[in-house]
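After the structure tokens below, expect a handful of questions from me.
Letters A, B, C, D and E name the chains as they come in the text, with residue numbers starting at 1 for each one.
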């Protein structure tokens, strides 16, 4: 008997896909934090895509005679160095802009990689249960227990230096979280009546996983991923700080921070601006992710 | 610098002038152990050099060989050195020092059956030790070794009775020597405390306690020095040197160090084709402006070298000038060699290979780019980098260009050439029979002028052949509290008994 | 009866996880390279390297090495450290205390603070204090912690001379690393507390409380908070695990000789046995933490207790 | 029509392993125990029982969405209880199910048309156009419009969704339709629409229906025969008229007494003391109903579970699992 | 227990029995949502007298729960009571300060909800949750509280109440949990008990017991009960008076027998006929065509107009354009329908008037 009222409440609470989008737009207008985060994210994405057009200098262009110029100064050739120059005389602003591209590429690829693995294994684990589940979940445990830096180091050595191995390292160490999340969702989805209905219609396991389960997992996974992008940006910077990350000639926020740390007192701008870029971006991703979640789950909204 | 409340570190103990004088030294990490005869000399030096004595010592510039446990020495024949020993020396546990202890130490080092790896490789010429009487010992070498008395600086003397009565690892953790200090306390990760040895045979040192603390992060070491949490830090990040120079209560002491930085080239068969051409190698040397890098990136520290010879090396040729910065010449040579349209090379390094390696390599790469050499930078973590370069000839994973350095302890180029240039050297990616021959001759030449002459020939050959991009002598920069008087040594050791209270 | 069974099963799972961890770490490390080459001085001869290999059994087939290692573990023998003349197990044990001290301190400081912030933010939803608290919490996630750590040193040690910049042993030395770690705790726990408060506030039983005549304060503290804490416990548990294994950077910066510090050090010296021992110990600590969380969970959530009844 | 059995269930059991919070408790839930059941071709068999008594479990086993722990299910003469793979798929063409919750049983991200056509796709029926035609036809048959095929479930009310669910189940023209509480989630006014629809469709398509409900009045309205379940067992089975006019099992009597009256004038005047439903985790020994039963006899009813037997003794089409009532042919009936 | 006499005084004895304990006048509860604004409760008025049970019936979403929550002053945001009065013992709750309102809730008026298990706090023992009511409203010692808790649990027919005190909600069946809820609601002997579909989540046998329980307790205490349900069977079982709601409004209001004997509103008629009745086997059910309108866009006319067949039979034209008022057609029987209203405007006259 309970079901009748159950569904009555559920219709009030459940956000349906189409109407949620409209509601999301309306909500966006009402939420200054979300507007701020969207603006920052747009700026970041634009800098990443158009770095070559926007940045005033080649980020790798050195001039040892113009090193450590403070923000706002004008160099010998009369160019403004809005955010100053670093120890090799490279333009900090240009570095920050180009750094966007690398940091974002690394973070997004790592998240996509981790998400891909996590989604696949999480769905398999949650759908099939049994020994597949046991194996995958033990692997999850091990990955989570394994120190991230050890994994990063080993992968880096195994795969050689370069962006690829960092992406793999960051991605591989993230899969377990996604897999866990996905598995949890799948466990609750696989007994939904519409999944059973599909089974009754003669669908096989693969079809059900691909068509009836995965599409429902993805939205909450994306919300989580948007938060995770921020985590990965910070993790990349940390790896670089420990010398396990992005090579020093690649202008990423992490490398700028890592090399700039020696100048924190003498030339604060070298590390501060990329630091601010990280903080703002990650902050925005977090606010955005929170907001996405609120919109999806109107119980909190 | 004033002291933070509650810091409670011993560094402040000696401030008053009359209390015990404590000096705090910050290191990167704890040494693995304190056995002077096992590898890891650099990490252990802070303890070993203070706890143990050697037969001879070198002057801070490494030019002069001075008496220590040995009062005098002479070559008896081509392969025998005789040392006369002090008779008034006891180990800190009371065991008496005599010729047997020297023989024991030599045999310990050379023991082929030792449980653990010993540093036999540091004494390539050492054959055996012979006790003549209590205060006389003879060292036999397998080939004539003119510089053995200098090498003896690395030969730490251990007490035979104690050493053989305890296990390897016990000795390694509880070292007993004749030195001015004894190991009073060791808390892994926190501190090593050395205390003045009351029974020391020499002059009583001013520093009562030397405290060595491991602080892995360089910026933190700088901060500790600035806050008074430390008295001496080594190798502050170059970028922070001006900050230290400006800070209150702290001064900077620097020295052109014993380590020579260079860019190695993989010249073995299977290495980069273009580099086989001497003109290309020379062009690379012309292309770089090392002095500019020293003046800027290195904040004015570090001395340009013409080749890999230090000024203190036997036979150093002061007239041999470094390659000048001449991009035009470089382009010309490249064009001659058929690389006028440019050349792509990759350059490998690890951040730890020398100070500011990342920035230096970046700057070098930018300079190479100006003459059309596109140098892709590849950074490895230090351990893997080491394993790539050291003994990596067969695997041949090393990049065409790689940043490397060598720090000979003696004022001789021998170990450097042996390790990095002589055919088959552990990190040699070069093979030149002429060089091998000259090196072999110099090694065995007892006559000093002839030896000097051979080394001059080697230097000329090196400059001409340009198997490296020659860089500079890596500076040893110390940040020092104003309460301590310290003059750096070329060998980078902090010898506590040489430290003085500042007036 | 069933509770004991539950605990036994958990311990069984733990053993399996640790065994897998050991295996993964063991083989991963062997992929990486030969420690013998890395350990000797550059000036060493090939014979020295071979001697070293023989000494640590690195010349044996890998499966034999693995078997020997496993049989050693069963006897709690983690092997000799390759760089330090001591059993790896002893070295690792000597480095547990600083990590645990920092972890516990940052939890003791961070969790109550985060709870307070989260509760206030949830109660004043949309108000200034909510925005400030959430922003601060988010900032904690957004700031790379090495940067934050260095900033702390520059401001509070170099600038203000309030606290020593590094080391371990005095209370003063614990302040800055604890703050740096607490920020990580505060960030996540605040956010979770806030959202789980908001969620619990929607529950029917809160309406019941109001219908009974409870005021907002009572409804919030007695009814909402208590239930909101349940998911928070889980996250604090996970967080503790990250604190234990993730204190690497903080320990490096503040020169705290804990497990993270040891791990980085053994990674840098390629001391395989020490890496293995450290990772296994970290693994065990993490798994113990999750056991403790499970127990706490049972205490705080009566629904998870009824496994025992029927 | 009368004695042609299409589904023959014998000794059917289903046990669930109930997982505790820590994931390791090994309690067994006996959701369905020892059920024998025949469904005759063309009839509507109503299945009633209280929440948790195993109705859903039984109905899902019959269409093989769940595998039985033991026992057999014969469909049209062949055992389907252990079918797998393509044989199972073939069986599914002939036995379909309508779910209880009209909101949960349609994938919110799939159009109604696609959901309905899904079984056609899996069974390779027709091409796209043909499938679209059949979906349109079916939509109209259940009282919706062909144009609704392109809409998403959230655009429909509960009653409309339930129509879609029925349409989806019938599109393969199955022989057996299991309807698991298809109207429990609906308001009375909509419930009436759905009940009428089911009745019409059954006639039109010559369906056999297993109709599950907890509302006795609903069951009475649609069924030819009725089975009453209690705690995993069928305790009584008879034709509709028999069950309502002449209930034999004390539990059935209890159920009937508990139904609210249709008019205030017929209000109950005595307070009912009906007891609590025990947990299926550890059902009472013997007859599961004996702790609540007014006529239970200790030493008889608490020993072992009674089986379905003809009651009154020798009755052709009325069975109940009650020792006391079965023996009534011999003993005079005691309580009223 | 002086309270009992107090509540009795203010309840059944001290007041003329015609004086209702609860009067709701023209209550309007509004939701302003991005998707449109609407009145979930739209001008609802009713009275409940002490010792009587007033049933609110209607389909899902018609505003039954919002009505009850408005009476309690517990409308969830963004909902708001925008007009009308709720007079409890003559005092308008809208005029009360929050503290006074809190004093009233749980002591003068209390409520039982539909989902007993989620309405109980999962983290506290049953006894603790009942005790909270006493802590909030009575100056009793712990021992007195415990005694009263046990007494209340016994009242609601809880077997072994001393042991059940220590139970957590998840250890109870739905029926037991609902008894606890009722014990809690009646703990302070309120004048008014609002029960929002208290049996919908329960099985028939359980429902029968709960209905008995409510009726019995009410009789013994003289409590006024507002009983919300969608099940006409339950109404028949328990109600004295009935109000039928449709789309936020009351469309018919009368005594229970009158409602079943002589339903007037076409919606009420449909409702009664569409429910299958025991004993009426195999009959085709009467169906109300169409669906409940969306509250956010109700037209100017009768909200039932689009589904109403009677309107067509009677040839009424006003229904789509003019909103009917609730009128007392017979004594104690009010209907909101133009069929019973001679003043029904003729088509087009709306625009003219």
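Basically, a residue touches a chain if its C-beta (ideal position, glycine included) is under 8 Å from a C-beta of that chain, and two chains touch if they have at least 3 such contacts.
According to UniProt, the chain labels map to these proteins: A, C = ABC transporter permease; D = Dipeptide ABC transporter ATP-binding protein; E = ABC transporter ATP-binding protein.
The structure displayed is predicted, hence computed values, not measured ones.
Counted as hops between touching chains, the shortest connection from chain B to chain C is 1. Ranking every chain by how far its Cα centroid lies from the centroid of chain B, the top place goes to E.
Between the interfaces C-E and A-C, more contacting C-beta pairs are found at A-C. Between the Cα centres of chain A and chain E there is a gap of 50 Å. Separating the CA-averaged centres of chain B and chain D is a span of 87 Å.
Work out the mean CA point of chain D and of chain E, and you get 33 Å between them. Centre-to-centre separation of chain A and chain D, using mean CA positions: 49 Å.
Looking at chain D, one finds that residues 51, 187, 214 touch two or more other chains.
Shown for chain C are the residues in touch with two or more other chains, namely 32-33, 150, 154, 158, 252, 264, 267, 301, 303, 305-306.
Shared contact sites, meaning residues of chain E that touch two or more other chains, fall at 60, 115, 174, 203, 207, 230. Residue ranges of chain A in contact with chain B, taken from their complex: 60, 62, 64-65, 67, 87-88, 153, 156-157, 161-162, 243-244, 247-249, 259, 261-266.
Only residues 203-205, 207-215, 218, 222-223, 226-227, 230, 300-303, 305-306, 309 of chain C touch chain E when the two sit together in their complex. Per the touch definition, chain D reaches chain E in the complex via residues 50-51, 157, 159-160, 187-193, 195-196, 199, 214-218, 220-222, 240-241, 244, 254-268, 271-274, 276-277. Within the complex, the chain C residues that touch chain A are 13, 16-17, 20-21, 24-25, 28-29, 31-33, 131, 134-135, 138-139, 141-147, 150-151, 154, 158, 191, 195, 198-199, 202, 241, 245-246, 248-249, 252, 260, 263-264, 267, 275, 279, 282-283, 286-287. Interface of chain A with chain D (complex): residues 1-4, 6-7, 10-11, 14, 16-19, 192-194, 196-204, 207, 211-212, 215-216.
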